[in-house]
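What follows is a set of structures to go through.
Each of the two complexes below includes chain A, the first together with chain B, the second together with chain C.
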Partner chain A sequence: MDDGYFQQFLSLFDEFDVPAAFWVNIQLTFFAGILALILGTVLATMRISPVPSLRWAGSTYVTLLRNTPLTIIMVFCVLGLWGQLGVTLSPDFQTNFFRLAVVGLTVYHAAFVCEALRSGVNTVPVGQAEAARAIGLSFWPAARLIILPQAFRGSVAPLGNVLIALTKNSTVAAAASVAEASGLMRTMIEFRPDVILAIFLTFAFGFVLIVVPIGLATTALSRRLAVAR
Partner chain B sequence: MSTLFDVPGPVARRRMVWVNIAATIVVAGIAVWVLLRLQEKGQLDPALWKPFLTASPWVNYLIPGLIDTLTAAGISIVTSAVFGFVFGLGRLSGSRAVRAASGAIVEFFRAVPVLLMMIFFYLGLGQLRILDPSDVPLVAVVLGLTFYNGSVFAELVRSGVHGLPRGQREAALAVGLRDGQSLRLVEVPQALIAMLPAITSQLVVILKDTALGVIITYPDLLDAARRFGSGNGNILQSLVVAALIFIVINYAITKFADRLAGRVGRRTAGKPRAEPPSLVVATGND
Partner chain C sequence: MVDISAAPPAPTGTTTDALVELRGVDKHFGALHVLQNIDLTVRRGEVVVIIGPSGSGKSTLCRTINRLETIDSGTIVLDGVPLPAEGRALARLRADVGMVFQSFNLFAHKTVLDNVVLGQVKAKGVKPAKAKEIALALLDRVGVRNQADKLPAQLSGGQQQRVAIARALAMQPKVMLFDEPTSALDPEMINEVLDVMVGLAKDGMTMIVVTHEMGFARRAANRVVFMDGGQIVEESDPETFFTAPKSERARDFLSKILTH
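The block that comes next holds the complex of A and B.
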């Protein structure tokens, strides 16, 4: 590997805007993450509520969405929602695809957010609820003071894993014609096949740089918040 | 039920009936609204759905696509298991260098998106010309899935061993087994049994991720559905049918994992769990 190889590889960065492509992935993750957190919280509330019809609706949603490949959902958003049903989220072509991809990522990951929150509730031992009842707390005070705080602490780690999965899955937006990192990597390799390994490692470490801090942060947070039992 | 609710009394039960009725109306209302919108756009036209009751789309598109999907998933399961076993043991190795190397490899491949790896192998193998060009997409899909899911399996092996009670190892050492023997004869077999349900749940992830192959021209179920749909003007319907096939298979796998978790319990000192690895919560004492 002589000096020229490295120089030529570096010259690729003048031609292609790699940070901009990653920025698209980060934006997809950000918007889909917030929306999935909202939708997932609603679904989790439905699934742990005592109302049978809401529980049924919530678990049906989770079963259907969790078992469908994200790629099908993405293709469906573009070819189905936009192509067939004419759902247009923005007059601008690029923005429209971006928003459709956010919708696809949201509906898919909301199912996982719901399960993460629910697994947090499941970490609370029955004894906590029984003790709350025994000291005279009724439903809302028991939920607000005893159970939900412990449940949220228990779901930090799985929610972090969902966020990591979402970050990596934002590349699947390529199936919805969004110009993001995996698409740019492909273009760059096709343009300069001789430096394929360097290009792949650049993008791979880009994701490592985004994902590893998220993992470390959520692990540290969940340790700090962990309920000693 | 969950920890949140006590067994309801008569007043709560009566109130629940009303809330239940109201909620049913809302949920049904949303479903009806969606169906009406689809009707408006002509997507519920029986002519668009009827082809799926005939043999032709199944014989010519969906079943060959499903076979390709299952082929890729099947090979990936075996290769991921081998990868996971090797690197899982590597992370438990007595040698610090082997532990660090295995750890770095596993963490790297867990952080890189599967699609990125698939595109890399697809274009890279195409360049090297060591394979028949028609095999390149399949090999690229399998390699991408193997490195990611193998790393997940490696983590499962490791966390399975760490999840065993300490007495297992102590007892093995007490009867005169060496470190490696204790790992090989006592700990890993029990860890694998305890992790079997979680490994089964991970199969759902492998099966779903084969659909990424469509981006690198692998002719899987999604690709078949898309080709049939765009040829017959019923792309929406054919994507729904493809999704339903995935849902049915994955649902069956998930149910099987749940049953497995209930059954393997007495054959291991570990704690079997059916949740996919990403949802498992460490609760301090295990």
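The block that comes next holds the complex of A and C.
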């Protein structure tokens, strides 16, 4: 490598907006993360409910979505939902694809959120539910006030793992034509194969920079929020 | 003034004196016949101690009375009303039956005060300010008011169990069930809990207590019910039961717990 290599590499950042591409991944992760948390909580509640049909629906959803490759879900969201069924989530072309990608990431990761929460439910002793029932709370108030809050606090670490997976999986949104980091990387390599190694390292490092703090934060949080028994 | 007396509320059902009535109750766990044709009547204001060897079905009997366990056949009538099978009616009825567990089961993520407030507000619709007032008075009564803002894990076992009693009382139950309330406690804490229970009994609370504490049975119980193998083998007043048990099985059992 001569001096020119580094100059060549730096000039990439003038040609391509790398931070903007990463910002798209962060946004995908943010929105899909919140929606997956909500949907996953609903699914977990269904799976612990006393109603057999709800339990069945919850576990069927999880089995189906967890075992389907994300790329296929993503392609379905674009070609199936939008292309075939005409589902449009925004009049703006780019925004529409972004939102379809969020839907794909959400429905997939909700299954994992559900399972993480269920592992949290298992940390709650059965006596907690019995005490809730004994003071006259029926299933829903008992779940909302007693079981789920403790389950959340007991599943911060596995939820953190889901968030880390989601952050990395947000690159699959490229399959939905969303201009995010991995897509930009491919474009850059195509145009500048001379600095391919530097490009690859840039993007790998970018993800490490996003993911490592998530891991550290969730580990610290899971210790702080752990329910003392 | 907050009314925290344990005096039983006015009867709402039939005119009989029976508050809890079990008739021909049967229960299986798989092939195991844990409750065999149980007949038991507990009168208003009565304190009944249930005693018997491990696995004889004492806990199960207790738990069927607020339907934490279902029964296979027979009837359970509470204050003249048969236990509803499911749903809101059952939840409402459960609030009439206070339950104190061996392992306390305080809500681990809630403060002591919130533990006692929660059921009042969420299950009975009491206004939060009023519920807090009642809760503090009850915590005072069981001697842990100064712990109100702590989490359960920060309390000793004896303190936790007294909070659990306050939590159950806050629902103004017609009857209180205790399933071995002191057997998870260190010896020096047993009496602080038993004292609270004796106080409740003196105030006229109807109580069904699974315990091997003979001191409590002698001080507070009207009747001792001896169970073995899923059956009620013998019933009598505490003095008679402990000094002159009628059945061979009771004699055998007593000789074992007395030599310890």
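One rule holds in what follows: the second predicted complex is superposed on the first by the 200 of 229 C-alpha atoms of A that agree within 3 Å, B and C clash if a C-alpha of one lies under 4 Å from a C-alpha of the other, contacts with A are read in each partner's own complex, and residues count from 1 in each chain.
Throughout what follows, contacts are C-beta pairs under 8 Å (C-beta built on N, C-alpha and C of every residue); 3 or more make two chains touch, one makes a residue touch a chain.
Values in this document were obtained by computation on a predicted structure and should not be read as measured data.
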item	value
Chain B versus chain C as contact partner of A:V162, first or second or both or neither	first
Touching partner for A:Q128 - first (chain B), second (chain C), both, neither	both
Partner chain(s) touched by A:L145 [first = chain B, second = chain C, both, neither]	second
Chain B versus chain C as contact partner of A:S182, first or second or both or neither	first
Which partner reaches more residues of chain A (counting touched residues only), chain B or chain C	B
Common interface residues of chain A - those touching chain B in one complex and chain C in the other	125, 128, 133, 227-229
Of chain C, residues touching chain A in the complex	66, 68, 87-88, 90-95, 97-99, 101, 103, 105-109, 118-119, 122-124, 151, 153-154, 164, 167-168, 171
Chain C-touching residues of chain A, taken from the complex the two chains share	125, 127-128, 130-138, 141, 145-146, 149-150, 153, 227-229
Residue ranges of chain B touching chain A (in the complex, touch as defined)	1-6, 8, 12, 16, 19-20, 23-24, 27, 37-38, 41, 43, 107-108, 111-117, 119-120, 123-124, 127, 204, 207-212, 214-215, 222, 226, 229-230, 235-236, 239-240, 242-243, 246-247, 250-251, 254, 275, 278-285
Residue numbers on chain A that touch chain B, as the complex places them	48, 50-54, 57, 63-64, 66-73, 75-76, 79-80, 83-86, 112, 115-116, 119-126, 128-129, 133, 139, 143, 147, 154-155, 157-158, 161-162, 164-165, 168-169, 171-172, 174-175, 181-182, 185-186, 189-190, 193, 196-197, 200, 203-204, 207-208, 211-212, 215, 226-229
